[in-house]
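Okay, so subunit A shows up in both of these, paired with subunit B first and subunit C after.
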Partner chain A sequence: MGKILIVDDTLFMRTLIKNILFTGGHTIAGEAGDGEEAIAKYQELKPDLVTMDVVMPKMNGIEALKGIKAIDPNAKIIMCTAVGQEQMVKLAIKSGAKGYIVKPFQAPKVLEEVKNVLAS
Partner chain B sequence: MTEVPVKIEFNKEWIVTKLSVSEDRMVLPAPINKEILFKSVFDVSEKKNILIITVKTDTEVVYKILSVEKVLQFLKVRILPVCNAYRLMAYFMSPAIRGGVMIKEAQWEKGSVVVVKSGIWFVGAVKQISVPLSEVAAIELTKREVQGKPTDVIRIDYLDSAEVVSSLVLCPLSTLQVLYNFLKDTTKSMDMKGTELDGVDQQVAMLVYSGMDSHAIENMLNIPHKQLDQIYDKILTLGIGEVVIIRREIQLTPKGVRYISDATKSQTN
Partner chain C sequence: MSEFEAYRSLFVAESRENHENLVRNMLILEKGGSQEAIDEIFRSIHTLKGASASMGFMEMERLCHTMEDVFQMIRSGSAVITADLNNLLLACSDIIELMLDDVEGGGDSSSVNPDEQVNALKQWISKGAGKVKVESPKSGVIPAVVPDTIAEIIDETDRPRYIIKLKVADDCVMKDIRAMLAIGNLESLGTILSIHPSREDIDEGRFDGSLVLKIASDVGDDALKSAATGTDIASVEITPAQKDEPVTPLKVSEEIIPAESDKKQQAASQDKTREIKNLRVDITQLDHIMNLVEDLVINRGRLKQIAEQNKIKELDEAISTVDRSVSDLQNLMMNIRMIPLNHIFNRLPRVVRDVAQYDGKEVEFVIEGGETELDRSVMDGLNDPLLHLIRNSVNHGIESPEVREKAGKPRKGFVKLSAHRDRDNVIIELIDDGGGINVEKVKSKAVEKGLVTPENATTMTTEQAIEILFLPGFSTADKISDISGRGVGLDVVRRSIESLKGSIRVETTPGKGSRFELLLPPTMAIVDVMIVRINRRRLAIPISSIVEVADYKTGSTHRIGKSDAILLRDEVLEIFMLDDMMGRSEDRDILIVVQYLKRKCCIAVDLVEGKQEVVVKPLSSIIGNTRGISGITILGDGEVVPVLDVNTMV
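Take a look at the complex of A and B:
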């Protein structure tokens, strides 16, 4: 079980991910609504894992991923984006993302992916 | 002819027998006594370890063949390339996404896509994947990066054991277009305007998709049970959801109140 930071600009998605992670027995370290806040919260909360939306205001998820990786090269980050934006996968993986979730998603598979990334 | 051990359903009973299989036909021995030319097979589907084939000669006859995976794979490899179907050479990636999670080890496989009456088959040298048309949720002509270049592909989303799975098909654009049009036409009954559900209704549908139960949905969206019930009714009326469980709320009778009072007393004594 891990301490997880949820990054997404919509409250709805944050609540959904939070709920899924709760049912999987994980702890929510905190939430962030954009890339800049994500980097600040990562430094402050030192989570075991981050779920990161790709399309966000101010700073997008890929930039935030790079920012967090610059602070902590071992950071475990799962990218989360909508159907049709899967071309971002390569860029995200190249930038150090450990996993990739496409919205809409199903709870058991998300928990499986979180478990795999935490164990990696 | 190669002989393979199977069970075949005959007169509502499973009989243990051996099929004789050649390149273009198979022979079902007594008591069935039937020779099936593969080109007369126009539908092939698979449920767990049962291969269901429909043959059309003068009449339509359905044969259910039960066996181990190795034998069924042998039969699929023989039947699917020559049966009566729309068939195209293609690269496919199946599954590419399962439950919203990208499959990291997913790779393009060279093979064929075979469209039969009730479904689509992805046929490769190692695996043969069946997608029943009744389980297809979405078909989209989209682009994926293949060898560094954005390339046209078809994404097929379907349900597999309650999980949403996406598979990709890659072939020349003109062929893709034919396949896309065919699949769109076959699954036309599922088309919707997209305006049937309002904002909250859509959020509820999305939460159901993600596996949330009614209690979690009420808490997450901060809506009363009655409102959620009305949204469920709308979803059910549209035919985009089905009831899986009915929960009940109860209150205690005087006998129940007495039971709990007594139980509490005994705990505090």
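Take a look at the complex of A and C:
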């Protein structure tokens, strides 16, 4: 079970992920609404894992991922993605993302991915 | 579906924000726009799509998905936005709004059929795509030529070699990415000597779910296996290989049994305590609480009176404690009911845009002070009058670009809507730099319609002429237009505003434009009043409109025209006796000076009883709106007292 930072620009999605993770027994380290906030929160909270939305205002998920990786090369980041964003996710994987989950989220899938990435 | 029921209201609230953001940026885009606006639109659409898919609202998801495809093309620069496309996209955004209404009402967006829009968008995409190269390969597409063996990287070390056959689960979304992750994990443990399909193929989506690779590594097969295993990996088969054993691609026919993913694992830990920080409350419940608070306020007044009459010290103390709690409760309730004006302001740019386009006008629309808060009940009643005024401004106020140019004005008209708090009132201003109100046209139209006599019309001042605009059945537009007409005139606007205990004023300068000013109370329910007596009957005057209380000496009045006036500190103020309402009284000793906007007048009363907080109840619909009276209130002793409406009286 890990301490997780949730990054998404909508409260709706954050709540959805949060409840899934709660149910799975994880702790929520915090939430961020955009890429810049994600980097700041990562430094502050040092979570075990980050769920990162791709499309966000100010700074998108890929840039935020790179920013976090620059601070902590071992950071475990899961991209939250949707069908149609394959190219973006591939870019994220090449930049060091450890996993991905696809919207609409299915709780078992999300928990499985989180478990696997935490264990890696 | 049902598991998402709890998120419904959150979904609606955020989706509405996204929808507003979408429309706002589409309007920016229409004006020339910027990459930023396109990015914002893309983000909003994308979020709407993701959220609706998560909730299972598939019709909405379908529409948003198609819109996203269009903006993906625009964003990448492979297509440009045209006026037609913009109209189509705005129509789509209207559909989204309807769907959100449906969802809010408990539906799943399927009551709205987006076929027409989706097809139109798809048509546009296919036309646009003629000019652009579209990347078609997706996961599941097998490369046409399957080579028998794959070229190998030379590795001179003596590390053991393994061949790993990996199969991604059939139901996995984005199989190629899953493969990339597994490759990445394996690569951190050794050197991948060869791989099929190639990295390039996988990168470009040419991947059917099966992967074979040869790796040189000394971590052992268990470690390699666990590195390759992960979410959506159906099977991993690992075999030691000879140094020069080639990799043979997996045949599609090869049967691999997918592993059963453990679905039940989460059921055990369902009961976690969660802290809830926000609650959504049905507005009718809030109204009910408000009514109860109002009753409390009335009964507090009654208790105070009883305590005063009977001089019970203990009761006095108890009441003063209750008094504080009730006041706090009341303030709290007021705050809960306050909503920022943006709630209705945000829809207006779209209205302006539509009206302007319909009329062939160019308009720059600016909103200021949308964060000003108003009580929900006031807000509800404000929407329609405001909409009407805005339409009016563009439709009647702003001239066509040609006319404006001739008059030496910029082609683009300017309309500004602003709001701010002024003491106890909220003032909403609507300014346009159009042609202003044509007073002569108003007069002749009024004569034509028999609203005034020709003699009266000629002697009429500009102010009086503007008043005609607010008479029922008056409209200067030559024919009822689709936009601002609909048979609703400014009289309805005024009546709606007055029913909110507000008022409306117009100033106009020919050729320069008009200014509509709405003065609204931030809340309707509870007001501070001064209780006065005339002819032994009581009357409540809102404290917010009282400027001073002065002595009144009969004999110091002057007769001016039909009314009496008094000279008070160099100001001539009209005196209202309110005889028709309260009856004649000979003991008028006190003058209450009231002010509405910049106009002052005074009311002569017999006696001032004191200040009190009261609940104003509207007059029943049988009586209707009565000028001069905004409602009634029940005082502590049960007496029903009218509340004076200074705005309509002055």
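The rule is short, and it goes like this: the second predicted complex is superposed on the first by the 120 of 120 C-alpha atoms of A that agree within 3 Å, B and C clash if a C-alpha of one lies under 4 Å from a C-alpha of the other, contacts with A are read in each partner's own complex, and residues count from 1 in each chain.
FYI, contacts are C-beta pairs under 8 Å (C-beta built on N, C-alpha and C of every residue); 3 or more make two chains touch, one makes a residue touch a chain.
Quick caveat, the model's predicted, so the values are computed rather than measured.
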Legend entry - Touching partner for A:103 - first (subunit B), second (subunit C), both, neither: both
Inset, instruction - Kindly classify A:120 by the partners it touches after superposition: subunit B alone (first), subunit C alone (second), both, or neither? - result: second
Inset, instruction - For A:15, decide between first (touching subunit B), second (touching subunit C), both and neither. - result: both
Inset, instruction - Based on the superposed arrangement, let me know which partner A:46 touches: subunit B (first), subunit C (second), both, or neither? - result: neither
Inset, instruction - Using the superposition on A, tell me which residues of subunit A are in contact with subunit B and, in the other complex, with subunit C. - result: 12, 15-16, 19, 84, 86, 89-90, 99-100, 102-105, 107-109, 112-113
Legend entry - subunit B contact footprint on subunit A (complex, rising order): 12, 15-16, 19-20, 84, 86-87, 89-90, 99-110, 112-113
Inset, instruction - Spell out the residues on subunit C that touch subunit A in their complex, using ranges where they run on. - result: 7, 10-11, 14-15, 18, 40, 42-43, 46-47, 49-51, 53-56, 65, 68-69, 72, 173-174, 176-177, 180-181, 184-185, 203, 205, 227, 230-231, 261-263, 265-266, 269-270, 272, 274
Legend entry - Interfacial residue positions of subunit A with respect to subunit C in the complex: 9-13, 15-16, 19, 22-25, 55-57, 81-84, 86, 89-90, 93-94, 98-100, 102-105, 107-109, 111-113, 116, 120
Legend entry - subunit A partner contacts - residues on subunit B that touch it in the complex: 97-102, 104, 142-145, 150, 163-164, 166, 203, 206-207, 209-212, 216, 220
